[in-house]
Amino acid sequence: MNPHLTSPSGAPQVTAEVLTQALPYIQRFAGRTVVIKFGGVPVSDPDAARAIAGDVVLMHSVGIRPVIVHGGGPQIDDLMGRLGKEASFVEGRRVTDAETLDIVRMVLVGKVNRDITSAINASAPLAVGLSGEDAGLILAAPRDPALGYVGEVAAVNPGIVRNLQELGYIPVVSTIGADDAAQPYNINSDTVAGALAAALGAERLVVLTDVAGLLADVDVPESVLSEVTAGELAGIMARGGVVGGMIPKVEACLHAVRNGVGSAHLLDGTHPHVLLLELFTDTGVGTMIRPDPQEMDP
Amino acid sequence: MNPHLTSPSGAPQVTAEVLTQALPYIQRFAGRTVVIKFGGVPVSDPDAARAIAGDVVLMHSVGIRPVIVHGGGPQIDDLMGRLGKEASFVEGRRVTDAETLDIVRMVLVGKVNRDITSAINASAPLAVGLSGEDAGLILAAPRDPALGYVGEVAAVNPGIVRNLQELGYIPVVSTIGADDAAQPYNINSDTVAGALAAALGAERLVVLTDVAGLLADVDVPESVLSEVTAGELAGIMARGGVVGGMIPKVEACLHAVRNGVGSAHLLDGTHPHVLLLELFTDTGVGTMIRPDPQEMDP
Amino acid sequence: MNPHLTSPSGAPQVTAEVLTQALPYIQRFAGRTVVIKFGGVPVSDPDAARAIAGDVVLMHSVGIRPVIVHGGGPQIDDLMGRLGKEASFVEGRRVTDAETLDIVRMVLVGKVNRDITSAINASAPLAVGLSGEDAGLILAAPRDPALGYVGEVAAVNPGIVRNLQELGYIPVVSTIGADDAAQPYNINSDTVAGALAAALGAERLVVLTDVAGLLADVDVPESVLSEVTAGELAGIMARGGVVGGMIPKVEACLHAVRNGVGSAHLLDGTHPHVLLLELFTDTGVGTMIRPDPQEMDP
Amino acid sequence: MNPHLTSPSGAPQVTAEVLTQALPYIQRFAGRTVVIKFGGVPVSDPDAARAIAGDVVLMHSVGIRPVIVHGGGPQIDDLMGRLGKEASFVEGRRVTDAETLDIVRMVLVGKVNRDITSAINASAPLAVGLSGEDAGLILAAPRDPALGYVGEVAAVNPGIVRNLQELGYIPVVSTIGADDAAQPYNINSDTVAGALAAALGAERLVVLTDVAGLLADVDVPESVLSEVTAGELAGIMARGGVVGGMIPKVEACLHAVRNGVGSAHLLDGTHPHVLLLELFTDTGVGTMIRPDPQEMDP
Amino acid sequence: MNPHLTSPSGAPQVTAEVLTQALPYIQRFAGRTVVIKFGGVPVSDPDAARAIAGDVVLMHSVGIRPVIVHGGGPQIDDLMGRLGKEASFVEGRRVTDAETLDIVRMVLVGKVNRDITSAINASAPLAVGLSGEDAGLILAAPRDPALGYVGEVAAVNPGIVRNLQELGYIPVVSTIGADDAAQPYNINSDTVAGALAAALGAERLVVLTDVAGLLADVDVPESVLSEVTAGELAGIMARGGVVGGMIPKVEACLHAVRNGVGSAHLLDGTHPHVLLLELFTDTGVGTMIRPDPQEMDP
Amino acid sequence: MNPHLTSPSGAPQVTAEVLTQALPYIQRFAGRTVVIKFGGVPVSDPDAARAIAGDVVLMHSVGIRPVIVHGGGPQIDDLMGRLGKEASFVEGRRVTDAETLDIVRMVLVGKVNRDITSAINASAPLAVGLSGEDAGLILAAPRDPALGYVGEVAAVNPGIVRNLQELGYIPVVSTIGADDAAQPYNINSDTVAGALAAALGAERLVVLTDVAGLLADVDVPESVLSEVTAGELAGIMARGGVVGGMIPKVEACLHAVRNGVGSAHLLDGTHPHVLLLELFTDTGVGTMIRPDPQEMDP
């Protein structure tokens, strides 16, 4: 790759200098929780998934406590298609009857979660897959009768995630929740990621997407905002500057930084090692959402 | 149900007397691990699953540490059929190509495990679903190239199960294993149950089936053996007295009692409350396999 | 006993159903402290004592943390009589000179406490006898110079009881207290039970008597009140509706529920398994005293 | 008392020098268990009891872990006399019918134990009274049918004593044991002290008597042996050189030093501060019994 | 030394009585931290240092947690002289250039601290030498540019001292501090002692000097004040009644008692066993500074 | 430094790739102890010391447990010269009279140790300076009367080092030992490093020198051995192939790998980041000494 890493004399010295430059970042994040939301394209690309998993293991190795939250829309569409089941959406939410719920759960918990867990465990046997149904982790409430078993987050009970973190594991969470009677619900995975980051008092929420970040002008791909406060972002949303699938991601970031998370980040998950770039270098990648000063909204 | 439980005067007194009679059993099993293997018919019947889950929660409430291991052959067949995929078997083992492995994993981890976990959590949020892939739990090795991704148990690393037990959770384990490179394998669930019971030093292994127990004469349904030693059972097997799907169950029981498990039990999982009857009464139900005296095989 | 428990087919199934019905109660009381006051008739009847002890061990086995507090008036009278010592009472309190104090202490700590402890330990070696003098448990103050060494509770230091509970033991407490100079005092055992229940933050205080409960009309034995709030009960007392030995029991119950105890119960200790009926069934036995709504006295 | 302690100039300096000289002894015994057997005269003399209690609290304050074991023959005789009950002895053992057992237990647990506990708690609330019946501490077996409820030590289960020591309490043990059915037995208190010291791995067993020590010549009071090995002492016993009530004391000391206790001491409990002299000075008081070299009996 | 300690009969009894009289003091200080400031004459006299070390080990043996803070002016002067380096002072503070700082640090950390540590470890291997630079213990700020590397205490981070105390060690602290960039500073050792005592919530601060205490009249050596409140002492200072090297000592004592320390003591470190006299007898030695009533300054 | 690290596009990606390549090394050393011996030239060069300290902090940040052992010959010579004290050597060992011992101790503990500790604490307040005298760490015995206070290692009691490691600190050890009477001795620092590495069960011993490694031919600087077994190295020594100051270094390495240390390394401490190169790259730097196969010497 980089010629200097393979040149006989130069490479080791580069290693030493790079590690030395990473030291302040390592010290800063030691023992802190970083919640990483996967979804969309990165999950369906084995190489991308493997690369992200490698970065997650590295984070864990230098003392960070990563928690992964994932969705899997394309994979759900795929199985529904193979089973001859028509997907239908209301305002961007998948209408979820009992049969669809079964498919969603099989794909998320039995396929996507497993692929991520495997990608991590190929490097070190640290990952433990969880569903939001386990040990009361995500308490769900129905969102809208018209949507069937689509839920919202009524409460987060992060005990099982904290316990696994204390024991040194990397929890990987599928975003199925359950109500008090253990009826499962399909919940938007960005929403779960934001709520879980807040409940864990995470240092960072990182939402991996397939775009470079939030655009100041939705029509100009180069207008990526590198940094924005919660208040400013709320203003942009109010003016209609956030659209489509970016809406729940932005809402999750706002929820997180307004509930104690240090910062939230929208990053392009297809960019190699984007997690490491974000955590261990000064390079501004993607969009950082900061809490408002004094935690006050304007 | 029982008229005496609803009669105005008699019922409470019956409750008190029954609890009093159960006391010695409760004391005997306090803090002990009981591994329960589910599969076949019980899992596919929601009422049976719910009943077994209720019994498991009760066991947990009186201080027993249950661990559930499950399979799900009928459910796998069903999804394969819906996807137009032909199942093929070699000596009773399902030939498992990559696509079949994906289906098996989705069904076991994303459907059957979830249904059992939900049934328990409907009573108390104690269950945590696991795959044998999590945290290196079940190390798999390929069984036979002709079978594809069918594995056998190379090693059990029960750390994640013990950790969850210590924390008061009820682990529910899907029998997918993984090799060192995290490649998943489909493993017979009876075999996993026997190996996990041995690795945990369980007090009991309970294998729930849909028959009343092991027959002294395979042609005479009434000839259920109530008790047999490992040596006697090995003799019966050697003489061809165990057939079909009962073979891996019997092998799992033999492995368990020859590796430190107190006793193994083949019970009819469709019988109401069969777990409670076995644990909390003197009633002989099903077949008990005991270790050989002095742990010597004849 | 109950024919259904010994009938060949019905009994085990009754056991299973009864245990299943008890599950919600077991879950509700898991880890909670229940203070049980013994005294009077039950203690002097070996069979009753044994039955109560059996129920206490069962409570402990399903995760409840019982603490026993006992008196022993009849036994004290008996030894005083044998020693030719005349008992004298002022307003229902035994005048206690130094010699009487010695007798009270020998009977309570060396006889009644031991008999209860033995009855429990015959089932499991869990009971540890304590006097309120041990480790500063009950700090006493003299009640009235005319009564001699009769004390009241100046403070409760429940450390030794909590320590023994944490270690899994069942404390059995004789109601002798001591002042700062370690001078012992004879204290009413109902009073100690109420104060100890409050100091431990118990879930329940259960006072076992030889009557069916509190009467709405003291002249009508059938008029047992099944439930009453602290405020209502204080009103009944103020109107003279509580008399004799029931007065300190009612005062102890009021003290307990007004200081954080969930509820207090006056039960007939001669009724078989009355503790189990109270804790594990819906059957209303005896009288339940509840805290006032919003913990306000009327 | 000592004029030098009250002289205006000298006393504080004496204090400082004495403490300095005690330092090596304090360091040597830090964290070690010392079992002290009380009985006979010292217990029945309030001043002596108070003095011994003061020494025990001091030992505890400098880091030693004292455990007290007591008898109370004179006090038992006294109550039996007052109740008109004739004592009868077979070979020095009190014949113990059920009524006598009740009296013994009331006196030991309810009177003598309480007096010792009070004497300690007057200085600091550290003492907790125990009977050998508590938590299975002393498992008893009947000694001889002719003696009734006279027991010997079948096993010691020192868990409750260790637990109380860990928590910083001073256990005071009455020497009533119980069999598996919780039937109490009266056991010789020297025997219990020796068995408990061995079970606890005590550094020292100290048996307080009312004589100056073991005599080389039973007829010559001045012939106190200051030190003797287990083997030598066994020889003296075999030659009849130990008589009467000294026999069980010597047997207890031999049992202790032959089962891991560092040394056993026969001291005159009526001598002021004899415990402190023994532990904190070089002065040879009483008789020290040492283990045989290489723990071999000659 | 004292003839009574070596007389054949009297000495042991004196020991016992002295220990008994010390008991209330031992109980009072059990588990409490006492910060002892050494300096000046005592440190440079090996016998005095050894005697103080012996007293410190004794304090530790009876459960007190001593922390030693030391200076070493005479020793610094000595090495500077040998190196031909002129000492210069501004308002009593040593002007400290880089070379002087090196000398100060070598003498304090490498000589005086070591001598104290050795004196303690000769008795028991408990002492661990620390510099205020270790683990961020004393955060320093420059006091005055004219003084060079002379610092004041900006903050105390007592973690390393607390950790060593918990592990049973005796910390010995040299009063070098460091700023955020780890630049060392020479800090007045009385000041450090007062700040450390406050940060540790010490029970006592003891400042050993070579005078008998604080004088009511600086010209009358016999006018030692035995006790004074913080407010009274502040008044004396304001009136010029404290002079020279006593000023930082008095300021340290005032800082300590105004920030939670129980009392501060100015004692003559050349007086034999002055620490023991102060802690374990009623003898008033030196001057005790008490907090003001209600922690209010007049 | 390296242009690629500052180029706009390339540098962050290099960082990510370097970190990824370092991951297997980080995982391999997580939680392991590495003992690093400093001395000679590196210590006297502030830049070199700072660079080494930076590498040590980085090692600590990624989960390695570093322990530093140092000497300081040149600095001792310097102070002796300034004090007009002649150094004299016998067979390469410094003859150490009492005055020289004082100088050695001041320089090592009060100067060199402090400089290393400061260099680390400038990056993070993690370093704690220790002398081998602290808490009985290095028990010394005199080596040869002719050498005065020159000691050898009689025993290592690594408790204080382990305790500090557990608490997350980085111990920095000066190689002064002490005998049972706390008399200090000057001990060769290579010897101490080898003994401490063995006592800690270290994964690696790294000895930093000012040469590139061990030479196959002492006259050919290019003949650096990259790897050698203990047996081979012992053979080289026996043939006289190791000379001068390299002898104690080689002996320390042999002692370490023959007593459980994974490997020992002789590295050039003046080479930038040589510690990181050794630990985090495949680059062979310096000489690695391996244990003999099957821990047998040829």
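Just so it is clear, A, B, C, D, E and F label the chains in written order, and each chain counts residues from 1 on its own.
The criterion applied here is as follows: a contact is a pair of C-beta atoms (placed from the backbone, for glycine too) under 8 Å apart; a residue touches a chain by one contact, two chains touch by 3 or more.
All values derive from a computational prediction rather than experimental measurement.
Colleague: Stepping chain to touching chain, what's the minimum from chain C to chain E?
Modeller: The fewest touching-chain steps linking chain C to chain E number 2.
Colleague: Are the interface residues of chain A and chain B largely the same numbers on each copy, more than half shared, or largely different?
Modeller: same
Colleague: Nearest 5 degrees is plenty: how much rotation brings the CA atoms of chain C onto those of chain D?
Modeller: 180
Colleague: Using mean CA coordinates as chain centres, what's the chain E-chain F distance in Å?
Modeller: So the centroids are 35 Å from each other.
Colleague: Can you check how far apart chain A and chain E are, centre to centre, with Cα atoms defining each centre and the answer in Å?
Modeller: 56
Colleague: Could you state the distance in Å from the CA-based centre of chain A to that of chain D?
Modeller: 68
Colleague: Counting only residues that touch at least two other chains, what does the list for chain E look like?
Modeller: Answer for chain E, listing residues that touch two or more other chains: there are none.
Colleague: With chains as vertices joined when they touch, what's the shape: line, ring, star, complete or other?
Modeller: Chain contacts: single closed ring, each chain with exactly two partners.
Colleague: Mind pulling up the chain B residues that touch chain C in the complex?
Modeller: On the chain B side, the touching residues are 1-2, 4-5, 10-23, 26-27, 30, 54-55, 57-58, 61-63, 123-124, 272-273, 276-277, 280-281, 283, 285.
Colleague: Mind pulling up the chain B residues that touch chain A in the complex?
Modeller: Where chain B meets chain A, its residues are 79, 82-83, 102, 105-111, 113-114, 117-119, 121-122, 125-131, 133-136, 157, 160, 163, 167, 169, 176, 178, 181-184.
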